[in-house]
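What follows is a set of structures to go through.
The following pair of complexes shares a single chain, chain A, combined with chain B in the former and chain C in the latter.
Let's turn to the complex of A and B:
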């Protein structure tokens, strides 16, 4: 009984208590709903902050144990991660956090270079994926290839030299044909999303989250 | 003075119609008056892919991208994870998953529960199967590409929020010869999935997971309700276009009331 209470009934009750006022606040202009909505969002922020502190404690303990055992090859990354995390926190707090330009610059420079390195690693995948893209295996791939070719030429600096109407034609494909298709997909997906929400509310969804 | 916020009356009415039609359709389905839905090949292929992984002695992989549990595509991804974890536990196939920080706890719970349900809790290794690489889009992508190279999964399933990184992950999976299944509602991700996946779910198909896989009448009933919703929205679109061609903005005025 207690297992059902904690794993099914209680989470569902919390879900309904939070879901109904937030959804109602989206539709209705009622001051009380607005304040409940704001209160629930504040709680959400507080829960998030608590989870962040728990996460910090968790990774510290985890990497401390991993480093002590040195069982896996990756233990050095754990040391690096912990040193960097605490260095950022201490430096950020001592320099005034986001208001400090030095703190922001270090963040941007470190993150920028890390991201460039990661994308550099993945560039080879991009080249082979591009090759895969341009193999017209079936009629759908041929249509994709044809439209990709037209839009590529349209946005290329020399596209206009080939045919003056090419950029406009390319633009028409993007804002006309593509937009119509995209909106059809988006509308159908939105309907599917609402239906899924209704299934969760009525407890018909067997997606693992609301079980029982 | 209206109790509704401006522009939300039509939203509310559509939501109510969808809510009631879902409820009614599921009631009808429970009474045996439901109807069959068309099979979605991508979802059926999940079972085939896990069987393939069992035969090859290689793991299966699943990720919903980096979103958290507040994102509907990630919830659909969690539903697929539940199905995959159950089937992997049945066939003793190692399941690897990568989740963002906002859905990691839910994923761990689902996978552990699936192994327990199948009577094989010892096959679940906490911290080794449900992985977290990074909150950063491309750091996660690089981690997943590395995982594919090391573990060489036989089946890769990508259902959730995917953007430009899809090309890289899809290509990395294709290079190790994995059977690949993808599904997203992101317009940037769909064409990239079309290029690199063997099976593709576009838009709403991924929200019909449970119904399509289990063929549960209650679930299929809700798919009928979705059709009702689409008919309503399609009618609004067609009437709106005709009204605009005739020079009337009646539909825009109605929807913005």
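Let's turn to the complex of A and C:
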């Protein structure tokens, strides 16, 4: 009985208590619903904040275990990750947190630039892909390649030097043809989401709320 | 004749088996050289960018603009050119800017962009612009709360000053007081369309070019006013505002010019090579 209570009834009850006022508040303008909605959203912010500490505890425990076991070759990265995380926190707190310009500089020039460099590597992978994989092996691939290059060259300034209508044509593909596809995907995904929510509410969906 | 065909097979097969590092090196040179010696290639301004420029130009005095987006720093770089151009445009206008970061990266990026453009030099903090703290919980939770009660959600600014003590918040309480929402977070448009657009607050997005086509339905539906197209949009915006302190978009367009020609040449060579090899195999 207690297993059913904790794994089925309680999660579902919490879900319904949160779900009904928030959904109702979207459709009806009732002051009480509005205040419940605001309160629940505030709770959610607190949960988000707690989740951050939980995340920190989680990576610490995970990497500590990995380092202790030394089962995988990459255990050194675990040590590096833990040292970096705590060094970052301790330094940030000692410097006054987000308001400190030193902390901001480190964030921008270390974290920001590392991230950008990581994504920048795609530039070189794209070069390899252009030579190794962008092959017009059949008509479908040729059509895909053609459209990709119309938009690709449409952004480049030389495209409009070759043909003045190129940027407009490229824009038409993005705003017209691509939009039609994107709209279909968005609408289908939204309808699917509504169906999924209905399934969860009616408890047809196993997993998540219903464990075991 | 046969000897010639054999020779062409060798050339194509050799060409198709060149080590990728050589291609990367050429790409690196083609990217770096125009950055070092910018040729300032001319390019036209897109209608979308022009509409954004005109809209911002016509914003009445005393308007309150909220800059709030979520995104990773790596992607924000592509949209930063347009965002910096936007800051340059509003720098000399009598408007108020509230930075409301929806992610930890935005919290660091937006004040950085403000500082780089010199916005903070001509505007007074607290009176003309303010940075709010990052509130965890995700855009789905934060945005509805922000739109209905700003002071209820954010008690203090980034520096810990209560909002009641900040002059900018004297007359700013909810969506009713917001004139424009600007997104510099590359991919936050869906969240903004869901939680900001219903309050009839116009949204302008500086989006990543990969999302430009994908987010067009939001413009067609009237939820988003307009968007710039990645780094090209940034370059166009820079051109309209008379160039910014970094000219990130314009410089990148110079590199993109050569890079795109290079990519096109590689694709053509690879495809011709493949066809030639196929033909040789058949014969």
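The working rule: the second predicted complex is superposed on the first by the 161 of 212 C-alpha atoms of A that agree within 3 Å, B and C clash if a C-alpha of one lies under 4 Å from a C-alpha of the other, contacts with A are read in each partner's own complex, and residues count from 1 in each chain.
In the analysis below, a contact is a pair of C-beta atoms (placed from the backbone, for glycine too) under 8 Å apart; a residue touches a chain by one contact, two chains touch by 3 or more.
These figures come from a predicted structure and were not determined experimentally.
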Contacts of A:167 with chain B and chain C, given as first, second, both or neither: second
Contacts of A:156 with chain B and chain C, given as first, second, both or neither: second
Partner chain in contact with A:28 - chain B first, chain C second, else both or neither: first
First, second, both or neither for A:194, with chain B first and chain C second: first
Which of chain B and chain C A:186 touches, first, second, both or neither: both
Which superposed partner A:108 touches (first chain B, second chain C, both, neither): second
Chain B versus chain C as contact partner of A:202, first or second or both or neither: first
First (chain B), second (chain C), both or neither touched by A:90: neither
Which superposed partner A:144 touches (first chain B, second chain C, both, neither): first
Where chain A meets both chain C and chain B, residue numbers: 115, 118-119, 126, 128, 132, 182, 186
Touching residues (chain side chain A, partner chain B) in the complex: 26-30, 55, 114-115, 118-119, 121-122, 125-126, 128-129, 132-133, 140, 144, 182, 185-189, 191-200, 202, 204-209, 211
Complex interface listing, chain C residues touching chain A: 16, 20, 23-24, 27-28, 31, 41-44, 46-48, 72-75, 77, 105, 107-109, 111-112, 133, 135-138, 141-142, 144-145, 148-149, 152-153, 158-160, 209, 212-217, 220, 229-230, 232, 253, 256-257, 259-264, 266-267, 269-271, 274
Interfacial residue positions of chain A with respect to chain C in the complex: 37-38, 41-42, 44-45, 47-49, 51-52, 98-99, 104, 107-108, 111-112, 115-116, 118-119, 123-124, 126-128, 130-132, 134-136, 145, 149, 151-153, 155-160, 167, 171, 173-175, 178-179, 182-183, 186
Residue numbers on chain B that touch chain A, as the complex places them: 2-5, 8, 11-12, 15, 18-19, 22-23, 26, 69, 72, 75-76, 78-79, 81-82, 101, 106, 109-110, 113-114, 136, 138-139, 141-142, 145, 167-168, 170-172, 174-175, 185, 187, 190-191, 194-196, 202-210, 214, 216, 218-219, 222-223, 225-226, 229-230, 233, 237
